[in-house]
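What follows is a set of structures for review.
Same chain, two partners: chain A is paired with chain B first, then with chain C.
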Partner chain A sequence: MKIYTAKIDTASALKVVADDMILTTACPTAAGSKMLDGYMSLFESEALTRLKNAGFELCGKTDVGEFAIDLLGETSYNGACTDGEKILNPTAEAVKANEAAIALTLDVNGSVRRAAAQNDLVSIKPTYGTVSRYGTIPVACSGETVSLLASSAGVLKEALDIIAGHDDKDGTSLSEELCASLKKDAPTSPVKRVAYFANMFEGVSECIAQKANAFCEILKKNGIEVVEVEESVIAASRVAWNILMSAELCNNVSRYDGVKYGYRTQNFTNLDELYTNTRTEAFGELLKTAILFGSETLSTDNYFKVYDKALRTRRIIVEAFAKIFESFDAVLMPACSKTEYTTQDIEANKYLAFEENLYTAPASITGLPAVVTGGVQLVGKAFSEKALLDAAEIYEKESK
Partner chain B sequence: MDKDTLRRLEMLNQLSLTEAQKEDVIAFFEKRDSELSVLEAIDTENTERMVHVMPIMTVVREDVVKKQFAREELQKGAPDTDEGYWCVPRVVE
Partner chain C sequence: MRYETVIGLEVHVELATKSKIFCSCSAHSYGSEPNEHVCPACCGMPGMLPVVNKRVVDYGMKAGLMLNCDINRTTTFDKKSYYYPDLPAAYQTTQWFAPVAVNGLVEIETSKGKKNIRIKQIHMEEDAGKLVHDIMEDTTHVDFNRTSVPLIEIVSQPDLSSAEEVEAYLDRLKNLLRYAKVAECEMAHGTMRCDVNLSVRPEGSDKLGVRTEMKNMNSIEAIKRAIDYETARHIDAIENGTEVLVQETRRWDDIKGKSYAMRTKETAGDYRYFPDPNVMPVIIDDDWYEGIKATLPEFPEVKRAKYINEYGLSEYDADRIAQSIALCECFEDACAVSKSAKDAANWMISDVMKTLNNKQMTYDMLTLNGKKLGELILLVTGNKVSRANGKKILVAMFDDETVNPEQYAEENDLILSDNTDLVKKVVGEVIASDPKSVADYKSGKEKALMALFGKCMKELKGNCDPQTLRNILTEEVNKA
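For the complex of A and B:
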């Protein structure tokens, strides 16, 4: 069972572990891919620099699935991290074992949120643009965000206060003024009304349904109104996100050709063979499928029918959330359909990650913040991270 | 999705799949095609595309060099270099 791709001895009490999508200069960054095996970056992630400047020390790197598009990390070229049957998420394992106070991760397709939900941890995917993506491996740039994982919401609040803020080096970074609402001393409007997305809970396991019920009971006990809401458009997020994510991924991984850095095949006689054999040997099956799918969505025949349609659907979904947030402060939905995935699940359906993201795609495609706690997910208005984490703290306090 | 189309996509993306992988990918594409009905059911005729979810403007900044890396540092991870150049197989015969 490989959790770390590199481990650093440190006596610091403030330890941070970074997943393998976060660039570091102290140890290699491979994005879970043979293509980048042993790759040493010349610069590090802005979020990590900010944490280090605040006193945190990097204690190691945890493995991820190839370019972080899978369920929990099972497609890493190092092999899946399992207990023999159940698939484990390396980053969550490091946090659970108290090897780090927090984990810095890149949320591309929801793996960190699924890991938080299945391990009774807390995660925050901040509003898109509030945490710099400088120094991360780009995959699906229009929706991926640097995220945090910890064992309590309080720790996440502290860490978010450190990493949130404008960064000139990231062209998608929002202004300091907008990012200020994530800071510790910013005024907060508490969560008072929560929309319970009933249709999103259809098909989840009994255990996830129970966790949601327990979560709702605690909210209600603390004066937070929970109202069942039927919403059908948001469920389309998954299909639209799979299109946009694959299209962006296809472009982003086109840079890996075995010339300037990374893996190079030994089996070539000309340039074309060098490119093709390098990519064919280094990329895994799920990634290859996503590349081909993304490429097809951008082709002349499909551009308007598929890619353009997904971009227009994104606006419809953003508007649907905005309408809900006229009456509610947050939306409650699952982060995954069940409490564990097994190796048999993947054998039965190797593209399960493109189906389980039904629950994580809404926040990814809209850029809205999402907190996972108590095995469920609260998606809030843009810049409402503090209120979501306050709600998570209420749950933590009451569930102990 | 047929095998000829898939072969074209493979060539465009510099990939070469095994026969078994081709079958898997075609099955994946067929499933995805059937799911497009979810999007087709949504009326987007009068809806603008949304590329950025946040109010992000094109960044304009002064062209100031802040940090430079030495060529040797940049080429450290390269599979094959020679006197500061990246090496590839001969292109012109």
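For the complex of A and C:
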């Protein structure tokens, strides 16, 4: 059990902690995997560089689950971080302990959003393409986003102002013009109407439902309209995302083959054995499942039956959100089904992360921005980060 | 029974861009140390993202247009997954779903006449690295210099039917792509490689036979031998049942002159293609498309016809110049300045091309400024510089691109001055020193005058307009 994979002494008052999906030249980046144990990158994440240029100092790296596809980090090769029963998210622990003003993370499968919801923290997953992914461990490139975690929305606004913007080193990076709306001084059109996704709340715990109600009350009190909406298409995000994420993951982690860097098996006599034994020995169970699933979905037999369908589903979901945003500024939905996960939960269901992402997959698959605050999640229109964070600040003020 | 061979080619051509397809490393590593031109991106290290080199798309479009293809205005990149140590990211970025160019046509000419070969598609992709086997140490090293060097793969329809046609087709591709300056296409350098798909069927049949593929052929002669061998093997199998033909990939051993089935393990595999989410679709708008179209050269046969019909060159001369776009450009510029196509062609063929041959340079390597060549021609035709000294100036122009012919002639004392007095003096001396030749000439031996002429020219170190010398000499001899 480990919160930090590395700590760096710094006297600076402005500290940033990065999770172990963010590459840095200051210490190794292992992505929670034995495969990359001790891996030193030759270059640094663009988002981290921008924060450093703005005066932040890196004070350490926090552990992640293997390639960040699990619930909270429990599949790290260092072992799960727990208090005995409850699974803890290392990055959230560092922020709660005030060790850094902000945490820089890679949101692959929603673990940072679940961590924010379960620890009364605030997180922002910006619009896809507004923050460079240069220097992050690639897993599910079509949807993963550099994200931020902090104890208040105000800090996130400051940090987002620094890291958002075009980057020539990332071919999916949007133009400076489009990224400009994330900047501090850009004009904002406030959140006035929120769609409450009633069916998404059906399977959540009483406690999450209460948090959502409290959140709605505060919004209403502040003149924001909250309307209950029945929406049935968006829940398909989960299955589609699991297909896309696993397929891309399978391809992206293929490079870890024992030839160039990272773990290499001692036990081989030919190339096939080098590949097979390296990967068998260094990868964990959840990752192996995702690799096999992803590989299967991309096979010639299944591509059009499975993968292509998932791509089409993605487009239908994007359209469903667009329809909703014709009359609403944001959508309120859970970030997770319960306020904590225990080690027993995982034992009972190894693939819980691929079920709990029912709540995080919609923003991942569409690239829409998502803010988690007050234990719930607001998903907004593209480039509406500031309006979402303004709403989070209203909540913060009123709930104190 | 008579049989016909059905051949389709997949030709890989390395594009001559300065940098690699997704990073800024040099794409040219000929003669470099292993792993000299590599970076974390082309080594497949996690966290680097591909950024498309626009020049590669330019060249891909040019190649497509030269081969009469339709250009896909939205062209996308896909990942092709397989494991091999020379493929650092364990996937190759290529174009599977929407290649840059489709539905082309290439005309070839063989002893049997002209024929059109259809092009199915041209797609852009990245090359893989190279494994270097060290027999002494019994180890294998990997060199990533070639990783991510841009390639196009030109896929033909199965329209070829003989080794002769294949050779004509490859020559034509090479010629057209060199004309567009997008590729070197030199099999010996590995900048052109070829996969041959071949089957045999009874003549006139419309059913295709069992197809075999020979990969990575890298010399025309080997390809021709392999086609002949495979054709004979197929016919033998069909007629005599010597073996059962199966669809497979075969390796051509050019030394043994035989093809061998590769182990299925080397060829089987599902490449699991899917769109690369890190490379946005490339959208070719009208400005881009028209801009590229405007840079395309005339086709070789258009140049040839123009040289014969408009410039008045002989077919032989037109053929010689039209074989390389660099020669064409130099020639046309020289014509524009000198206003004499005949003189320009003469200089091109007897001086420029000869010099390239002597320097063991290909015609495409010509960098001589055609306008300056035109100026040089004007100096000679205007009797300012002798032909012989003109050649000297050309050599200087080859060695140093900044040389200006007129300035060089002045600085090196190569200008024919109006030196009638000097000429008369020299002529007088020569006549006095060779009374025999003078007498011979006077007794009717015309050749004797040439001997005197040569002696005078030698004394004058070539620095005299030949016609002027001839006039003065004739006059003086007759007086003597």
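Note that the second predicted complex is superposed on the first by the 399 of 400 C-alpha atoms of A that agree within 3 Å, B and C clash if a C-alpha of one lies under 4 Å from a C-alpha of the other, contacts with A are read in each partner's own complex, and residues count from 1 in each chain.
We adopt the following convention: a contact is a pair of C-beta atoms (placed from the backbone, for glycine too) under 8 Å apart; a residue touches a chain by one contact, two chains touch by 3 or more.
Since we're looking at a predicted model, the values are computed, not measured.
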Touched partner set for A:L174, first chain B, second chain C, both or neither
first
Does chain B (first) or chain C (second) touch A:L23, or do both, or does neither?
second
For A:K157 in the superposed arrangement: first (chain B), second (chain C), both or neither?
neither
Tell me which partner A:A382 touches in the superposition: chain B (first), chain C (second), both or neither.
first
The chain contacting more residues of chain A, comparing chain B with chain C, is B
Quick one: classify A:I137 as touching chain B (first), chain C (second), both or neither.
second
Under the stated touch criterion, which partner chain does A:T313 make contact with: chain B (first), chain C (second), both, or neither?
first
So in the superposed three-chain picture, is A:K61 touching just chain B, just chain C, both, or none of them (first/second/both/neither)?
neither
Return first, second, both or neither, reflecting whether A:S295 touches chain B, chain C, both chains, or no partner chain.
both
With both complexes overlaid on chain A, does A:A247 touch chain B (first), chain C (second), both or neither?
second
Overlap of the chain B and chain C footprints on chain A, listed as residue numbers
42-43, 142, 168, 171-172, 250, 254, 257, 259-261, 271, 275, 295, 299, 311
Touching residues of chain A toward chain B in the complex: what are they?
38-40, 42-43, 127-129, 142-143, 168, 171-172, 174, 233, 235-236, 239-240, 242, 250, 254, 257-264, 268-280, 283, 285, 288-289, 291-293, 295-296, 299, 305-306, 308-316, 318, 350-351, 365-367, 382
Sort out for me which residues of chain A touch chain C in the complex.
23, 31, 36, 41-43, 45, 133-138, 141-142, 168-172, 247-248, 250-252, 254-255, 257, 259-261, 271, 275, 295, 298-300, 303, 307, 311
Over in the complex, which chain B residues touch chain A? Could you list them?
1, 5-6, 9-10, 12-17, 21, 24-25, 28-29, 31-32, 35-36, 38-40, 42, 44, 47-56, 59, 61, 67, 69, 73-74, 76-80, 86, 88-91
State the interface residues of chain C toward chain A in the complex, per the touch definition above.
40, 43-52, 79, 81, 83, 85, 88-91, 142, 270, 272-275, 277-280
